[in-house]
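Next up is a structure, given as structure tokens.
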Amino acid sequence: MTGTLPFAITLDPGTSRLNHTGTWRTERPVYLSRMPPCNHACPAGENIQNWLFHAESGDYAAAWAALIAENPLPAVMGRVCYHPCEGACNRGQLDEAVSIHAVERFLGDHALREGLVPRVEVPPSGRRVLVVGAGPSGLSAASHLTRMGHAVTIREAGPLPGGMMRFGIPKYRLPRDILDAEIARILRLGVTLELNTKVTDIDAAFAEGFDAIFTAVGAHLAKRTAIPAHAAGRILDAVTLLAQVELGEAPQLGRRVIVYGGGNTAMDAARTAKRLGAEEAMIVYRRSRDQMPAHAFEVQEAEDEGVLIHWLRTITDIDASTFTVEKMEIDAEGRPQPTGTFETLEADSLVLALGQDVDTGFLARVPGVQIAKDGVIAVDAQMMTGRAGLFAGGDMVPAERTVTVAVGHGKKAARHIDAWLRGTTHVKPPRPALAGFETLNTWYYDDAPQTRQEHLALLRRQTGFEEVTHGLTEDTALYEARRCLSCGNCFECDNCFGVCPDNAVIKLGPGAGFAIDYDYCKGCGICATECPCGAIQMLPETT
Amino acid sequence: MLKQIEGSQGMAEAIALCRPQVVCAYPITPQTHIVEGIGAMVKSGALKGCEFINVESEFAAMSVAIGASAAGARAYTATASQGLLFMAEAVYNAAGLGLPIVMTVGNRAIGAPINIWNDHSDAMALKDAGWIQLYAETNQEAADLHILAFRIAEELSCPVMVCVDGFILTHAFERIDVPSQEQVDRFLPPFAPVQMLDVANPYSIGAMVGPEAFTEVRYLGHQKQIDALDVIPALAAEFEAVFGRPAGGLVRPYRIEGAETVVVALGSVNGTIKDVVDAERAAGARVGSVTIAAFRPFPLQALGAALAGVRRVICLEKSLAPGLGGMLASNVRMALQGSGTPVHTVIAGLGGRPITRDGLTRMLQAAATGGLEDVTFLDLNRPVVEAQLAAARRQRHSGPIAENLLKAVNHGPGPRRVPDRAAPGQTAPQEAKP
Amino acid sequence: MFEIRLHGRGGQGVVTAAELLSVAAFDEGRHAQAFPSFGSERMGAPVASYCRISDREIRLREPILAPDALIIQDATLLHALDVFAGLKPDGFVLINSARSLADLGLADFAAARPVHHVHSLAATEIALRHIGRPLPNAALLGAFAALTGAVGLGPVLKAIRARFAGPVGEANAAASLEAHDTLTREATC
Amino acid sequence: MTEETTGSTPGPASPAAATQRVRFYQTGTHTLGNRLMDAESRTVQASTDRANAITSGHRACQGCGEALGARYALDAAMRAAGGKVVAVNATGCLEVFTTPYPETSWQIPWLHSVFGNAPAVASGVAAGLRMRGQKDVRVVAQGGDGSTTDIGFGCLSGMFERNDDVLYICYDNEAYMNTGVQRSSATPPAARTATTPALGAAPGNVFGTGKNLPRIAMAHEIPYVATASVADLHDLEAKVTRAMAICGARYIHVHVPCPLGWGSASHDTIRLARLAVESGLFPLFEAEHGEVTAVKKIRRKVPVEDYLRPQRRFAHLFRPGHEDTQRLAAIQAMADANIRRYGLTEEAPL
């Protein structure tokens, strides 16, 4: 070409970058992280989205590492947790919730298969902590405290560690090799476990040189109820039944068994009775099906296995093998009221599954320790009792009684104990706003129904203690992980980068996310609207 | 090589020798033979490296040429009359973008009334579109001007319109010396655009320019035309050196030495004028003529010099600025500013009306006796228009003028819709009651 | 300057005839200018074309108003328009017709002009014999050369052969030659 | 998901292998990119290597759909042509907001002539490039609905019938936005524009008018015709890429919402485009040589009301207490007709 370019009508490429259109903006997009509902709902405080993130790319080791940062018993929890996370999962409003527990179990099993171990990254603190009780709460606390550098000793009154995980949950739900392996891994961190060692004197323990004590002895005392029994057959409680089965001392229950109660333990007891050879395993419960505290899937599994459930019945009289039950009806307040109508059931034994109480005897004399209502131990926000350095958690403090809550208590207590030992206070970081369903743009998520976990054949379920629910394969676990919507947190989908009409989003590279180029951003808000996971919000420009 | 060929064919051959790369064509009389000729050469393979595109309108023709030129290709098209007006927007655009397109205009009247014959209304309508306008006097010049036009256009990055009288030149079989390829190549180097669409240099062509720079853009466009006043004669001289005959230039005086009356005109009518000048000179009249070869840029200086000292100037114009008179005259007056020389407009040859030696001779004689008005219509059928005007004065609505005029021309003066049997003063049946 | 006006009907090649005349004159080293009547007429309509021949450059662009010669390709045009308009008193007229001038009602017209300046010729019949189609142009041009001497027969034949290649050109040339000879015979008897 | 693998595979899974085997359901293929999608499944827009044919600093309104659509299309074309693309632009918003002197937003060779001639100019550019031996440089012409369906229609039809080697892209925002929202022949029924005001007994644009340019393009039997939307970038880019692989005349009609003209929120641009598709009012399809060859199924069908209600240009249909049910039904019938005609749902196969 020759000569100079024509004036004004011909322009050099890209010169509009001199024009900073950011001045047009009245609102600015800002990246943020919201609290995913699964995390929000998790009693153990698991950052589920975080470990799913790693699992999505097939990096199961990283996923597992992220997982055990909050929960040292993933293989257990993936089996026994009632997964409130899934009830909160936003995907449930789209198609079906992500099967978080199944992925968790897969990761837990994967780690056991691969022999993955957690790392202890801090130097020894020189402090000693006594954990009383080797249940989920105690094991969780011991694991976390050890990884924080403290020397931990667990004293367990019973012959085996695991607490309710071993003595309350039947092995068809939690195979013992899994439980044993996860406990063993905690112990290999350097935790000292003393079995058959009942702690009765807290002060003495402090005197031994423990800088802090965490008690988590659970609730093992079965509640009783007064039923007129003229010639009672076998009556036993569910906790005892399950513990005896675990110890290989299964009692003779006879051909017909009634389990009284409507919780998960009642289901476990009835299903165990079935497996012990009972031809008829019945549940009698005074309220309706909807009101049962047991989880629907547990009820369903029990029914699948042939357990017969009598709702709206109370046992009013027992005469040998004849049980008189009164029909109940639900009043306006939702309470069961007797109707005066009676029936009889025939059974050889009765298993009471009416809940448990805490054995608080060993704490009664400790100065400062207060017993709360319902016979549980009062703790403050740091999970410390009235006695300085004495912490408590699990079923023995006021809370829902689940393995998950217990594991969460262990973690929470560990953090507070650690802070206390260091002379500080652990302050929980403020929770960001919840990533509700309305913050998502779900159009970008593909339709993907939940993976169904396979179940053991029914006949084998009714006749043995083999694990009922199968785990996921690697493919199905990956599929399931990838169903996560990443609610409230950028997963680098590039939407904002692509949809900006003003090319005002800067892509910082893998893992680094994005930044807004405020020189050019006009504040249209498309990035925020088209962000699938609600990780951008529009804020008014300050004047 | 001397040939006896149709003017359009001569132009087609000359254009082909310029190695155009994109030629687009849309048929409109009387330019069709030119593009047909080029099309045949492309189709036969005689003209290589050229794409001939049959487009759907003149607007598209100029637009395709714009695109091709912006892509760095030598582009050509031709049109006439309505076609030129139909592409008007793109004509301005090509100039605004500084694209050196060459276009032939086979000059023809503009309707209504529709008329396919020659005059200059079309080119005059777009005289200020920013194009250089060259007018051919002969078919030899028509051919030669195209070679010059490409050179001028590319030298200045400015489109050039070669105006050729429709039918009179385009359809006349005449002797034309068609140059050799070697000669043309010597005169016209390959196209080297100042700007083009280039993936290696991706600038934007055709920006929106606001008040802050529009005047400057226009000034530069004007300056380009002013520069052309030097470029055109220089290249005409170079042309003569290469081809051995003159062509183009700004103005061509003819026998103006001592002339009292000089006729100024554009295009082929200058041939007839020269014959008349010769005859009048032979009869002792002091007349001469000036051919304006480049109407845009308007050669004020050259024309002023040629007309210095003459007693009167007659602009023989093949177009009409209704309400004013002559567009050529209003331009010529600028060349004579301060001289006091009267400049007459004689409108002639509209819509193909023959301009005859008789008519021109009468015009010159009238001028010599001071009997020429400022604006005159040569060979006007005065009874017809007088009758129409009279009828119009009588009746508020006298019907379509064109239709009535045609009737008057064919059947004698006066609208025929007043039947003979109607008694004087009786209302014609067509007229509505008030 | 010799000016010729040709009358015909759209489609008969009246424009081609004028062009061929100009080519023939050009071939003789003379200047020539052929142009049509610039009409928008369609097939069958009366049309005209013109040819000027001169030894000097032709600058004149007005229509031919006072022709030196007329070629009338179709005798039916005699009744359609004033084909003789402007014809110079000593002008030539060549009419394509198998009928005599007397039969055409032109006996008096011819008699008023120099001898042998007005002729009719059965050009269509000659064309049919040679070309097989009723295209009288070539024949008329051959006869025109004989009639007026404005162009020579040789250049006419050359122009015809240049325009129509191969057998068609030869057939036209043969027609032209026969017409030329016919007219020469008639004009000399 | 795959079903052939059962049980566990020893050893940690290879992330790369994992991405190949299992689709990324977190995003499906609907987001623009993501670390776990195959590189070829990501959009051009997800890449920092995209051409940014239009760069920052242009003067389009906030949330301009046309700015977005044009960058989407041209960047895809640039990738398909290895960076050798020349663009021709009709007069209109896109032209005005990208090239006001002294700045241009274009980073590719770009030419603007006048309003109605972009297709012809592009034909000329293509011919010029061919004659200059630059056969690998591809030409894209573009304009709004006004320049495409109205004033440039003749030139476009000419370009089509000559099968000129040009990809013409129409950014349809359904009115003359540059001049202040006047009706075009792409303005939908009932829409309020400055020249179809929401007044009188039948406010807004008249029913039974307008022209369907994609089908007109198909009637020319050109090699490729497609409709696309800024709401579905994967689809849009695939269509541009497909078009760029074909020689001859190609036409893509892209639906681009206009916050100004439609009276919609600037952040709703893509959402509205999506609702237009999901309601059936803007069917996405491809056609080759005059025959429809593929349609994009509606994923989540919505009533037309969902699309119309957020737009002030249709507000007169939703006057409280005076909802224009009759004309709403007529618009729904148009959507339903599209669904039947193109088989946009599983129940309505093509």
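Should a chain be cited, it is by its letter among A, B, C and D, assigned in written order, with residues numbered from 1 in that chain.
Note that in this section a residue touches a chain if its C-beta (ideal position, glycine included) is under 8 Å from a C-beta of that chain, and two chains touch if they have at least 3 such contacts.
Predicted model only: the values in this text are computed from it and were never measured.
Engineer: Setting chain B aside and leaving every other chain in place, which groups of chains remain linked through touching?
Structural biologist: Leave chain B aside; others group as A, D | C.
Engineer: Find me the chain with the mean Cα position closest to the mean of all the protein Cα atoms on display.
Structural biologist: Chain nearest the centroid of all protein C-alpha atoms: D.
Engineer: If you tally C-beta pairs in contact for every chain pair, which pair wins? Let me know.
Structural biologist: Ranked by C-beta contact count, first place goes to A-D.
Engineer: Once you find the CA centre of chain B and the CA centre of chain C, what distance in Å lies between them?
Structural biologist: 34
Engineer: If you average the CA atoms of chain C and of chain D, how far apart do the two points sit, in angstrom?
Structural biologist: 66
Engineer: Approximately how many whole Å separate the CA-defined centres of chain A and chain C?
Structural biologist: Each chain's C-alpha centroid was found; their separation is 113 Å.
Engineer: Distance-wise, how many Å sit between the C-alpha centres of chain A and chain B, to the nearest whole number?
Structural biologist: Between these chains, centre-to-centre, one finds 92 Å.
Engineer: Which residue numbers or ranges of chain A touch two or more of the other chains?
Structural biologist: 8-9, 11-13
Engineer: Among the residues of chain D, which ones contact at least 2 other chains?
Structural biologist: Residues 98-99, 101-102, 104, 106-108 of chain D each touch two or more of the other chains.
Engineer: Which of line, ring, star, complete and other names the graph you get from chains that touch?
Structural biologist: Graph shape here is other: it fits none of the named patterns.
Engineer: If I apply the definition of touch given earlier, which pairs of chains qualify?
Structural biologist: Touch list across chains, by label: A-B, A-D, B-C, B-D.
Engineer: Could you please specify the touching residues of chain D with respect to chain A in the complex?
Structural biologist: 1-2, 5-15, 17-19, 21-36, 42-43, 45-46, 48, 52, 54-60, 62-65, 67-68, 71, 98-99, 101-108, 233, 259, 265-271, 274, 299-300
Engineer: Okay, in this complex, where on chain B does chain C touch?
Structural biologist: Interface residues on the chain B side: 2, 4, 6, 29-30, 116-118, 138, 165, 167-168, 171-175, 268-272, 274-275, 352, 354-357.
Engineer: With touch defined as at the start, can you tell me which chain B residues reach chain A in the complex?
Structural biologist: Residue list for chain B touching chain A: 96-98, 157, 192-196, 198, 202-207, 209, 213-214, 216-217, 220.
Engineer: Using the touch definition from the top, list the residues of chain D that touch chain B in their complex.
Structural biologist: Touching chain B: residues 83-86, 88-89, 95-96, 98-102, 104, 106-117, 120-132, 134, 137, 154-155, 157-158, 161-162 of chain D.
Engineer: Enumerate the contact residues on chain A facing chain D in the complex.
Structural biologist: Listed in rising order, the residues are 8-9, 11-21, 24, 56-61, 109-110, 113-114, 443-448, 451, 473-476, 478-479, 482-486, 491-495, 497-499, 501-504, 507, 510, 517, 519-520, 522-526, 528-530, 532, 538.
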